[in-house]
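In the two assemblies presented below, subunit A is common to both, partnered first by subunit B and then by subunit C.
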Partner chain A sequence: MAQYGFYVDTSKCTGCKTCQVSCKDDNDLPIGVNWRRVYEYGGGDWVKHEDGTYTNDVFTYYMSISCNHCATPACTKACPTGAMHKREQDGLVVVNGDVCVGCRYCEMACPYGAPQYNHEKKHMTKCDGCFDRVEQGKKPICIESCPLRALDFGPIDELRAKYGDRADVAPLPNPSLTNPSLIIGTCRNSRLTGDETGKIQNPTEVGL
Partner chain B sequence: MSQLSLVFFTVLAQSAVGLFISLGLVQLLARPNEKAMTRAFMAVLVMLGLGAISSVTHLGQPFRMFNVMFGLEHFSALSLEIVGLSLFGGAAGAYVGMRMFNILPKLQNLVLLGGMAAGILFILLIAQVYTLKTVPTWNSGWTSFQFLMTAFVVGPIAAIALLRAQAKELGDHVVKLSTNGLAVTNMIALAISMTGYVGYLFWLGQVSVFGNPFEHLGYGQLLGMLRTGLMMFAVMALSISTLRGGKSPVCGIVSLVAVLAAEIAGRMFFYDIYMSASAGM
Partner chain C sequence: MKNWLDKTILAPVKRRSFMKWSTAVSGAAMASSALPLKAIASATADNNVIASDTKTTWSACMVNCGSRCALQVHTKDGVITSVESDNRGDDKEFGQHQIRACLRGRSIKGRVYNPDRLKYPMKRVGKRGEGRFERISWDEAMDLMADKLKYTISEYGNDSIFFTYGSGTQGYRTDGQHAFKRLVNMIGGYLGYHGNYSWGQIQYALPFTYGTKKPSAFGSYTSEIKNAKLLVMFGYNPAETRMSGGGEIYEYTQALRESGVRTIIIDPRYTDTMLGKEDEWLSIRPGTDAALVEAMAYVMITENLVNQEFLDTYCQGFDEKTMPAGAPANGHYKAHILGQGADKTAKTPEWAAKITGIPAKKIIQLAREIGTTKPAYIVQGTGIQRQANGEQTTRAICMLPILTGNIGLPGTHTGDMPANFGYPVPTLPSGSNPVKVQIPFFLWTDAITRAHEMTDKTDGLKGGTKLENPIKFIISYAGNALINQHSQINKTKEIIADESLAEFIVVVDNHMTPSARYADLLLPDVTTIENTEVSSDGYASGSMGAVVPLVPAIKPLYECRSAYEMCTMLAQRFGIEEKYTEGRTHEQWVEHLYAGARAKDARLPTLEQLRVQGPFQILAPETGRIALEDFRKDPIKHALGTPSGKIEIYSTKLADIANEWTLREGDVITPLPQYVTTWESHLDPKTREFPLQLVGFHTKGRVHSTYHNVPVLREAVMDGVWINPIDAAARDIKNGDAVRIFNDRGETRVLAKVTPRIMPGVMALGEGAWYKPGKNGVDMGGAINSITSQRPTPLSKGNPQHTNLVEIAKA
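Here is the complex of A and B:
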């Protein structure tokens, strides 16, 4: 089975959120539903010295995450209807909106916040990897709209050959849980999964 | 709180199982009057029915609810939970029907025992839904423990309340014998539940997750205290009253309401403590 996936270069991302907005626009998503979210992860502190000067060790970086179309998705395993399924032809995880009952169990199970409940449609929705665009030989809208060229998409084997195989960067969970088709390019501030020195700085914006 | 309907579903469904088992033991051990017991058993179906309706209100598309059977193909925990619900509901319904129309009297005890076992299985299947490796704050045996204890704490109280309310038909001797047994069982259940709760909260403080779960909750402490206080009150008040020969149905109903409120507070805490394996994505 082919498996498509994403590459996110956190050393290039400036947190402009064009990817998030272009996705929202292209898929006509209502308020509160964001198939792609840019998490601002940061931490650190200021220390006052004896001579009255200050130094700081604050850090931050941006993590643009949609759905990682995991090799062993928690959402499809949880789904009681089979509406949440993995496509044979490209490994993309999509929801069949005509079957979904809207129980939101996939939302509980996914550690990446990918499945999102649409209050207007009353069923789950999520990033579908823009499979319609991919079938036409284009890349997903988020990739093509990124002004920093920080995102990439393609067969995960090819991406891994090009960018490596790292997805254990905070605030992401341990990749062994769901085997995400995701590669993270690190930056000088990167903290590894399990880090406790930082936290997500824009919780309201990403829908927490 | 978007899971409020699930709070009611899980508490009522588990309480229904507890009530069925409590009444089942009374039926098997004390052999009481037929009609009054049949009415008491019907309360199980009412409780379970209310729980089931509550769970359906959680769905975005309630008219597609039968789609949840498709997930059996890949053993979705939620589909299996519904199978558990159907097995228990089916057995309990069949048992009440057999009693009402006096069908195959010799087989009734077998159906009763089957229903009790299906009830336990159902609770374990509910717990399985929440035992997700991507949710560290739920992923432990404490989830099954809490769900089972809801049945064992609420069940006997509901049974005592029902037996007291029908004391005239059942006869004083049977009511005294059964409610005394249920009261002692209930106090033991309270001791286990409360000791376990301390263990659970201790475990929760140690669990490997991105922040302290207790800091994550605004009113969690209040819910915990509410649960403990109401549950102690409900069990102690009714047990002591029963063992001292009390017969007032009102006391039974007050205790039942208090213990249900305690379990609802505890379950709200449980859903609020949801923390995924990521750093809060």
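Here is the complex of A and C:
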């Protein structure tokens, strides 16, 4: 089975959120539904010295995440209707809105926050890898929109040959849970999955 | 979270859309969408169908971020469906790389189809500022405006007509501001201003150091970074201010990746330019950069790290040898730094540590690094100069490349902001302004209330020594400086609400902005997506220039008209239509001027090709990318435009100004660039009541105040005041709490972003949020200018909008 996936280079990303907004524009998503979200992860402390000066060990980086079209998705397992399914031809995980009953079990199961409930449509929605664009030989809208050229998309084996296979970067969960089709390019500030020195700094912006 | 979304984003939109649109929109359309976009689009589509199926047209995002990103607007049956940016080619070759729009440009559909859109001309019916208007016809509107202009000119004179600063639509070459200024110049002119809110102090101050021969922003290109061994950035933050994927941030990150140059960034915020791309971040108290520079100069001088030969040959005033005749003894830079000058204070690292908040050993380390690494590219952003001592700071930063001779060579810069190419697309000739006197851009409210007091030596007038008339007639085109972007909203509000002062206010815009509420006459402009134009790449595209076509994607919504059409109608009423139009429609001016451009540059495609193919890109020539390269090669032949022809560390002109001008108490102008403690610095006794410094910054979520009313952007980037966890804990403030920020000038309400990314004692708030008046002068909209001061800076009389002492508390 073919498997497409994403590459996210956190050393290039500046957290501008163009990927999130271009996705919303192209897919006409309402407020509150974000198929791509940009997590601001950071931490560090300040020390005040006797002379009133400061030093710090502050760090931050952004992590743009949509759906990772996992090899062993948690969402499809949790779906009672079969609406959430993994496509044979490209490994993309999509939801059939006509079948979905909106029980939101997939939302609870996914460790990446990918399935998003649409209150207008009353069913789940999520990143579909822009499979219609991909079928036309294009990249997903978010990839083409990135001003910093921090994102890539393609057959995951090709991406891994090019970029490696790390996905164990905070604030992401342990990749062994769902085997995400995702590669993270690390930066100088990167912390490993499970890191306790930082936290997600922008909870309202990512729907937490 | 859901609660926050409802309160902050959905509720106002829903309420507005219901109130404003329920009559205009069919019930089915309303029911199908929680947001008004589709409803507005479908409500207006019927009358505006220009195509029966789908099409894609080139346009651009035309706002004041400095870039001009390409947009491809997809429409179906005359309604915008989605917006893509530049996706041409393989994006591999620098110079032909895609001019990718950021999140603002990608959300432009939300600006075109927006419940705030002005639909038809309106005149005020309530008190000024109340926001009550009634619809009138275009003929009535143009008659009214022409009559008021004629009255103003005969009663007071042309010098009482004023255009406020406005950059909400930027980059027009044949429309907008150009159209209005052409018209008003033809009927006798207007009171002009010099400077601008972005670069008021840097552009005024640096010519005293580097001369006036070159444009003010004339540093080296960002591309030169790749030739440097060390990169030092004072407040330079392209990731949040120069966001285009075809512009400075892309070029900057490319240069960094290519060379791996060691990068040190000095800023009170851990900005999005950093994120691990920097080698070191030094957090500094706002307004104290000059003290840091002076302490580094102390280290360099005492450790013999200055380039004495460069200072002797190219500069005036480093030491006794190069001081001009008549200058005071020990008035030179070296004496000032070593404590032999007027203040008898040695500018030691320990002295600066207390002021800046940077440990002395760090200052020594940085000084040694800059003193021993060549070439070093030293650059500043321009938030740094929007301070009460900004002119001093901006000149002081330039002392680092000057002291080390890092000027005019590959991999160096002058310390200015970086240069950009900017392809010279021709503009509609606007003629010359018969009114010669100009006010500093920031003193327009003063020119309403105390014009009779203002002179060249008290208030920085240029082109004249005094004002004959106060401002009586205001035109605000695509601007929000009338209330939102000017300092001290509560004071501005009183001044512009008084109908006996400024007697008539015309606002021309796309949306009902906070400024638009203060109009006597409201004129609805077309959006750039509805207009035709050939624009350039802007002023932040790095070494890539472009000629950018705008093709109307949809017909103008409602009764909106372009500024050129409005001015043509006004010209009729002044009997000068033929003179104004020269027989051309707006489209014909675009064609005419483009034909002229092509005659000069044969590389340009035909206008038809340009409109089909999208932006035409041209890389800047390889030569001329290094600032002052010619001067470095031959300082006699290429002498600078300073009195001495040299780089003036000690400025002869500033010495004269310091003697001649009358300054406010506490203000100083000095011939040397030096640290000056100012009002509302962290050392001001006022800190007892208002202990925190508040600076503004450019948020990713809008461009100044443009795009603020687009819900997807408000969702993507939370408007929150950045506060350090230490300061937040002392006030029991948690991330996401509603807070009030206040001082003796006003109060604003916003959410708190509690983050270690801002140094203790300092807070930062993204500028440009729309002022939303609540009770007792409290702003509910998070507009920073509720807090800022109208007190001008000493030299340029510019905007100190990042100098604020405040307190914060839970709301």
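What we mean here is this: the second predicted complex is superposed on the first by the 207 of 208 C-alpha atoms of A that agree within 3 Å, B and C clash if a C-alpha of one lies under 4 Å from a C-alpha of the other, contacts with A are read in each partner's own complex, and residues count from 1 in each chain.
By definition in this document, contacts are C-beta pairs under 8 Å (C-beta built on N, C-alpha and C of every residue); 3 or more make two chains touch, one makes a residue touch a chain.
None of the values given here were measured: they were computed from a predicted structure.
Chemist: After the match on subunit A, would you call subunit B and subunit C a fit or a clash?
Modeler: Result for subunit B and subunit C: fit.
Chemist: Would you check which partner chain A:105 touches, where first means subunit B only, second means subunit C only, and both and neither mean what they say?
Modeler: First partner only, subunit B.
Chemist: Which partner chains sit in contact with A:13 here, subunit B, subunit C, both or neither? Use first/second/both/neither.
Modeler: In the superposition, A:13 contacts subunit C only.
Chemist: Tell me which partner A:205 touches in the superposition: subunit B (first), subunit C (second), both or neither.
Modeler: It touches subunit C, and subunit B stays clear.
Chemist: Once the shared chain is lined up, is A:35 touching subunit B (first), subunit C (second), both, or neither of them?
Modeler: It touches nothing on subunit B or subunit C.
Chemist: For A:153, is the partner it touches subunit B (first), subunit C (second), both, or none of the two (neither)?
Modeler: Neither partner.
Chemist: Between subunit B (first) and subunit C (second), which, if any, makes contact with A:195: first, second, both or neither?
Modeler: first
Chemist: Would you sort A:174 into first (subunit B), second (subunit C), both or neither based on which partner it touches?
Modeler: first
Chemist: Hey, is it subunit B or subunit C that touches more of subunit A?
Modeler: After superposition, C is the partner touching more of subunit A.
Chemist: Give me, in Å and rounded to a whole number, the least C-alpha distance separating subunit B from subunit C in the superposition.
Modeler: Once the two complexes are overlaid, subunit B and subunit C approach no closer than 10 Å between C-alpha atoms.
Chemist: Jot down the residues of subunit A that show up as touching in both complexes, subunit B in one and subunit C in the other.
Modeler: 203, 208
Chemist: Where on subunit A is subunit C touching in the complex?
Modeler: Interface residues on subunit A, with respect to subunit C: 10-18, 20-22, 24-26, 28, 30-32, 34, 38, 42-46, 48-49, 51-56, 58-62, 119-120, 141, 144-149, 187-190, 201-205, 207-208.
Chemist: Within their complex, state which residues of subunit B touch subunit A.
Modeler: Touch list, subunit B to subunit A: 2, 58-62, 64-65, 67-68, 70-71, 73-74, 76-79, 82, 129, 132-135, 208, 210-211, 274, 276-281.
Chemist: Would you pull the subunit A residues touching subunit B in the complex into a rising list?
Modeler: Subunit A reaches subunit B through residues 39, 41, 65, 74, 76-83, 99-105, 108-113, 117, 121-124, 170-174, 177-178, 194-196, 198-200, 203, 206, 208.
Chemist: Can you list the residues on subunit C that touch subunit A in the complex?
Modeler: So the residues of subunit C in touch with subunit A come to 1-2, 4-5, 9-10, 13, 32-35, 38, 82-85, 87, 91, 100-103, 106-107, 109, 239-240, 243-245, 249-250, 253, 270, 272-277, 281, 283, 350, 353-354, 356-360, 362, 700, 711-713, 715-718, 724, 726, 735-736, 751, 753, 755-757, 759-760.
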